[in-house]
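Here come two complexes built around subunit A, the first alongside subunit B, the second alongside subunit C.
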Partner chain A sequence: MCFKNLPIEFDSAGNATLKPGAADPYLYTETPVQTPIEDDPEKMRELLERNGHVRRVDFDPVTRVAGALAFHTVVDLDNREVLETASMATLFRGYEIILQGRDPRDAIFISSRACGVCGGVHANASALAIEMAFGISPPPMGVVARNLLQAIEYLYDHPIHLSLLAGPDFSEPAMRDTNPEIWEKALSTRVKGRATHGYEFMSEIMTDLTPLTGKLYLEGLHYTRVAREAYVLIGGKFPHPQTVVPGGVSTTIDTSDLNEIMLRMVQYFDYGRKTIAIWNDICDFFYEVNPKYRDIGTRPKSMLEPGQWDDPYAYDGTYENADDWARERWAPPGVIVDGELVTTSVKMLNAGVEEFVEHAFYEEWVGTTGGPSGSYPFPTDPSGNPLSPYHPWNKQTIPKPGGTSWKEKYSWSTAPRWDRQAMETGAYARIWAAAQAPEFSHARFIEPTGKSLKVDLPKAELPNDLVEWKVPETWGAFERNRGRAYCIMYTAAIAYDNLLIAYDLLRKGGPDARMSVPYKVPKDHRIGVGLWSAGRGYLTHHLEMDNGVLENYQILTPSTWMASPKDPFGNPGPYEEAVMATPLLENYEKPEDFKGIDVLRALRSFDPCMPCTTHIHTDERTISREVVTCACGAEGNHAH
Partner chain B sequence: MAYQRTGFGEDMKLQTVPNAGAVFGANAPIGLGGLGGSPDGPLNIVHVFWIAGMSCDGCSIAATAATNPSVEDLLLGRIPNLPKVVLHHPVLNPGAGTELMRPMKAAVNGELGAPYVVVLEGSVPDDQAFPTDDGYFSAMGGGGFDPDTETDQPNRVTDWLWKLAPGAAAYVAIGTCATWGGIPAAAGNITGSMSLMDYLGKDYRSALGVPVVNVPGCSPVGDNFIDVVQAVLLFLQGIAPLPKFDDLGRPAWLFTETVHRHCPKAGYYEEGVFAEEPGDNQCLVEIGCWGPVVQCNIVERGAINHMGGCMVAGAACIGCTMPGFPDKYSPFYKAPPGSAISGGMSKMYGGAIRRLRRLSMRKLNREPLWDKTGEVPSPWAEKHKKPTGTDKTMSFFYKKLQYNNSVNQAKRNKKQPIPQSRDILSQKGL
Partner chain C sequence: MRGRGQPRTLSSSEKVTEAGSAAGQDMRVLVGGVGYRFLRDNALGVYISDSFAGRVSNGVEVEDLGYHPIGFTQNLQDRPTYDRIILVAAIARGREPGTVKAYRWDHELPPAEEIQDRVSESVTGVISLDNLLIVTEAFGAFPEDVWVVEVEPADESWGDGFSPEIQARLPEIEETVWNLTKP
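Right after this comes the complex of A and B.
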């Protein structure tokens, strides 16, 4: 039984059904958020009398994250604690509206442009949604080519985060400025990973993490390019690949393409080993200096991974068989709640998703269509599992730009919840779900043990062939970064495995080695979903089409889950929750000295990526000119 | 910043901290880079403010892929004669929040004390149509623009854009969203998005008298962008010639040619051979390639470090560098109507040419020695075709034309003796 809060139970055959009895099974009463401190005269008076060091600390923009994120906090500098948080997505482009009323063949390339940090993932998710709606699936080589694209992409994506975005917060200048006593300690602390990375003292690692001049920074930048070179050989360009098509890819692959990709891919075997050693040393060192560093960015171990990298012989594009083919993936799906794997079914993962807009710049839509008990387009998924009126397939969003208020609306990100709980997602969730996967079909280089994930790649120059990521005991910013470092190795193994399969298919030739299948755009009513993760975790594209035109298109992205504002149950989003729990370990005496590095470390550990977080998931029917208060007009209102 | 207070006395307002986000120290150098640089040129320092509007950050990512030169080449001062370049970039900046916004505010208020270039990635939403503080589609930084007073709402990107315009040494739009509106401005959008040129108007000139420079592409080739930056800086330092821009402000040396002209599949087009399905190797026009009418250099320059490029990998062109993108190329994966005429003609004419070429190739695939011995010593084929009567006649006339007014190498070859140790293994009885 994976749901605690949703009104869903399972019959003896294991089928999900609505709990009987409730007239409005998905109805809820909203818990208002606590009055913001600055709006509460009593609280303010009390705080100001108690000590003078309660401060509003805003980070706008939060740099070294992708896209537009602003973060508001109220901190008590005397007690070294965070009293209030609000996470704000400050950009809205309306991609889903732009996708409505279009030929479904446009969706792959247009939705890919939702995110330029990892555009390829949207292209793949969109292709899966279209294939489900069209009733097609690519030949094995088409699937393998997509797998290769996506695996290679993460060999760029994880280094860019660890070296360019998160790394500088542990670099020499940042340490000297925010915790000089820890820098002093680093100067004399010998590290364990010397045989792998070559550094003797912690301080040397910190020096080389320095932006622009540090060797690790520049090396990371270099490795973001090596992978991208491999990517463009079969993707054409980056970040928006030009070769993903409905029913496969348009890539022309020959042996030299594969050879050139291999040459680049194998460089990550050693780079992965080295990065793991670096981040293990960083974690060990900080935990040793002060065990409270484990609490930076801590929150419940609740996370999601829909899975990715399809088995070329299992994937058939249907919703009906989705649970089966998704479990065959190199990254199998999983929902983890408080550290326990509660389901590996993508259909249950899908059925548990709802989006709420009480604190986002949109208007409620369920109330306007008759309430949760009223009729809504999809009370069940195509397999008969119950869906909430707040589920993306049912979502009708009404955008409403307006002033920002912590109590009311303050973000362009909606609040997605699974089983009405805030969830995080990301590279670490992916290896976590893989480590605990009850069955795993791709054991050539990867071995899940339930408590850990082992990756055994061929030896390159360095020793330590086998690496093992262990499911962490405590959860926070440092473990997120460590998990991401291990993911370079895990992803390199998936890339390499798929490369070997590509060689094999090329050798055998025949229909399996074709890149795509022919198709016709269907004219009847269809729906589809692409359940296929991004580098930063959870990603789904839900679509509805009729008459050969997209009626509804919804993209739900990883950072929407994590940057989310508060939900109607009074719970904060993951960033908000993680920063609330963050102790302020920075060295400061006066408010002027306070920089907020621990808050920033907590935020950056999620690898926020805002571009595709902020768009609307909308049904064209409900957008009207009145709700858009600007003069730009709501051209999305045309009939079809 | 972003906060509407329900309002009670100013004395009840929480104080802020002055250095939030400045994790490299309140006195650390601002921005990223500014290392090295030539003290001699007319310019010795230039600030670059990178602003993201309605963008996916893909242009930033593309710029970090550049290698000729790379971003770090510019920022570390590795190129002689260039000024110090200080980058203020939301994704890369070492410090956060006010750390990033302070120099931008100084520029708006004419207090930066150094020349600055503004780079916009992403299109411009119609936010100026909202009453101030009544919402936004795109915002960055808070607290307003006035050095002395602080406001409570987010600063709209559109405000930054117009306020920075008069003082900018140059204004560069990177990527198709900023240059021509792109996808955020496509049919059905509700944000009223437009290009930078549309927003600033046709009379805009930078402080140095330059109209908006446009480097399109969705996403652009990173090398194209850094190349333009380098070209402009070298010109300003009095070293390189004035870079040429076309009538839409595109760097002419990068965007004059159509991508079709340099396409690796252009020969297929000429011979009238077309891919039927994605993944086929031939010209992609029938599966939706618009290359013949699209100005783009990606196949010539490569996507990254001279590698990849759409058709190099087998991808059809959807015109992502063009002002008409995406709507004028939709639906994707469908043959452009114009290709029925030009493709049809090339099938007729190209079909004939192709056959003649295959004939020539049969001759050219043989060493002169084999012509003489009548044998091809390769077991890779069971039987090698002998030249037919037609081949011989063709070859006769071909040689006549080829060697006319020059030396007849065929004749000279006929006189060459056959090497004695030819076929050595059978001579040795092995």
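Right after this comes the complex of A and C.
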């Protein structure tokens, strides 16, 4: 029984059904948000006058994240605690509306533009949704090619976050600026990972994390290039691939291509080992300096991962068999609640999802566009499992721009919930779910133990030490970063495994080595879903089509889960929850010296990704700067 | 920093004179269009890349620079040095829509913190002329001779096709860019 809050129960055969008796089982009563201090100007003024240590601090925009995130806090600088938080996605994305009425095949290329960091994952998720609707699936080589694209994209993504986005929060300038006493301690603290990364003292790592000049920062930039070069050999462009199509990949692969990818991919074996050693040392050092660093960004260990990297011989594109083929993935699906794996069923993961808009700039659609909640379009999924009227297959995107009110609406992010609980997602959720997977089919280089995940890759230049990520006892910003570091090795192992399979398929030839299958666009009513992931975690594309065009298309991204505003039950989103729990360990004497480094560490540890437009507001000053994301730059020299 | 917001500008005719108009190419010139294909006027740069693609010859190369500046920087570092780079983009600076400005990049950089923010934006996919100028300059990948042709957009909403203001200036913009390719 994986649901505690949704009206779903299971019969003796394990089939999910609605609990009997309720006329409107998904109906809920909204819990009003406690009137925020900020929404009561008189109270706020009084509070600030009486308490000079209580400050409103807005991080707007939150820099070194992708896209438009603003974060509002009220902090008590004397007690070193956060009193109030609100996470704001400051942009309406609108891809759902752009895609209505289009040929479904357009969705692969248009939805890719939703993100300039990881557009390829959207292309893949879209292809899966379309394949389910069309009733097709790629040949094994087509699946392997997509797996390679997905893995290589992460080998771009994770180094960016660790070196360029999160890393500077632990750099020498940041430490001198916010906690000089810790910098002093770093100067004399020897680190454990010297044999792997070459640094003797913690301070040397911090110096090399310095933006623009630090060796680790520049090394991260370098590895973005290596990954891009590998990606375009199959994808044609990065990060918006031109070759992902329904039923496979529209290019060919030969041994030369695979060799070129291999040459680049093996570079991540040592880079992964080194990155793990660095982030282990960072975590150990900060925990030793002050155990309260474990509480930066802490929240319940509740997270979800839909799974990704399909088994080329298991994936058949059907919803009916989704639980089976999804469990065969290199990253199997999993929902973890309070540290416990409650399901590995991707159908139950799907059935548990709802999106709420009480505090988002959208119109409610339940009861307004689809009649009362009892007569919504899809009361069940194709397998008969109950779905909520708030499920993405039933959702309509109806923008409702308006003024910001912390009590009412304040974000362009909806509030996704699983079993009506706030969930986070990310690279760490991926290895957590894999570590606890009851069965794991791809054990050539990866071994789940239930409490850890071992990765054992061949030797490059460094010793081929087996690396082991252990399910953490405490959960917070440092563990998110550590987990992401391990994911470089985990991803490299998956890429390597798939490369070896691709060589084998090429050698054998035949139908399995084909890249795609032919298909026709169906004209009748169909639905589909891409249950997939991005570098930052959960990613789904739900579509409904009829007469050969899209009627509804819903994209649910990882940062929508995590940047979520409060839900109708009064619960904060993960960013809000994590920052509320963050102790302010920064060293400041006067309020005006406060930099908010611990809040920023908490936020950045989620690797927020909020493309595409930034709206900048700072104190009395408002600056608008339109920015557009796309990184479709590197083109492959791929002639066949 | 002067390169952002308040560009040193020349009229089209002044620019042509300064850049010279003699034919004959012993130099390598890169024309790069910066922008986003689905955002109407913002697609100007990639439109220029597309329309100039057929005129690639005699030392002139054309590239769609609708991708992140770190990638462009790394690509430049791989190639023989260009004698001149010409960047074309629509960018909103509060001017009359359709205003065309051409200027030589002064190679001035903002403070390090802003450069860092621009790098972060770049690797996370933000396409912007200013990011391209700052990041490429910061990592030392530009040649000495860098020209910018920028146009004030009227409409950057989702869709194909230019606003009337930009549509009317396309011949002038193309001529301005082409003249800059000459020694």
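The definition used in the following text is that the second predicted complex is superposed on the first by the 592 of 640 C-alpha atoms of A that agree within 3 Å, B and C clash if a C-alpha of one lies under 4 Å from a C-alpha of the other, contacts with A are read in each partner's own complex, and residues count from 1 in each chain.
The definition used in the following text is that a contact is a pair of C-beta atoms (placed from the backbone, for glycine too) under 8 Å apart; a residue touches a chain by one contact, two chains touch by 3 or more.
Nothing here was measured: the structure is a model prediction, and the numbers come from that model.
Touch counts on subunit A: comparing subunit C and subunit B, the chain ahead is B. With both structures placed on the common chain, the touch criterion links A:P300 to neither subunit B nor subunit C. Applying the stated contact rule after C-alpha superposition, one finds that A:G120 touches neither subunit B nor subunit C. Touch criterion met: A:T252 reaches subunit B, while subunit C stays clear of it. Once chain A of one complex is fitted onto chain A of the other, the partner contacts of A:R102 are limited to subunit B, with no touch recorded for subunit C. In the overlay built on the shared chain, the residue A:P416 is in contact with neither subunit B nor subunit C. Judged by the touch definition given at the top, the superposed model places A:R228 against both subunit B and subunit C.
Of the two partner chains, subunit B and subunit C are each touched by A:L164. In the overlay built on the shared chain, the residue A:P399 is in contact with subunit B alone; subunit C does not reach it. Of the two partner chains placed by superposition, only subunit B is touched by A:A70; subunit C is not. In the three-chain superposition model, subunit A touches both subunit B and subunit C at residues 63-67, 94, 98, 110, 113, 115-117, 119, 160, 164-165, 168, 211-212, 221, 224-225, 228, 238-239, 611, 628-634. Every residue of subunit B that touches subunit A in the complex is listed here, in rising order: 1-6, 8, 12-26, 28, 32-33, 35, 52, 54-62, 64-65, 67, 72, 75-76, 89-97, 99-101, 125-127, 129-130, 133-142, 153-154, 182-184, 186-193, 218-219, 221, 277-281, 284, 287, 298, 302-305, 307-318, 320, 326, 330-334.
By the touch criterion stated above, subunit C contacts subunit A in their complex at residues 36, 38-39, 42, 65-68, 70-72, 74-75, 92, 112, 115-117, 119-121, 123-128, 138, 156, 158. Remark: subunit A residues 63-67, 94, 98, 110, 113, 115-117, 119, 160, 164-165, 168, 211-212, 221, 224-225, 228, 238-239, 609, 611, 626-634 touch subunit C in the complex. By the touch rule above, subunit A contacts subunit B in their complex via residues 37-39, 41, 44-45, 48, 54-68, 70, 72, 74, 88, 90-95, 97-103, 105-106, 108-110, 113-117, 119, 142, 160, 164-165, 168-169, 173-174, 176-178, 211-213, 218, 221, 224-225, 228-229, 231-243, 245-252, 260, 361, 399, 401-407, 410, 514-516, 518, 591-597, 600, 611-612, 623, 628-636, 638.
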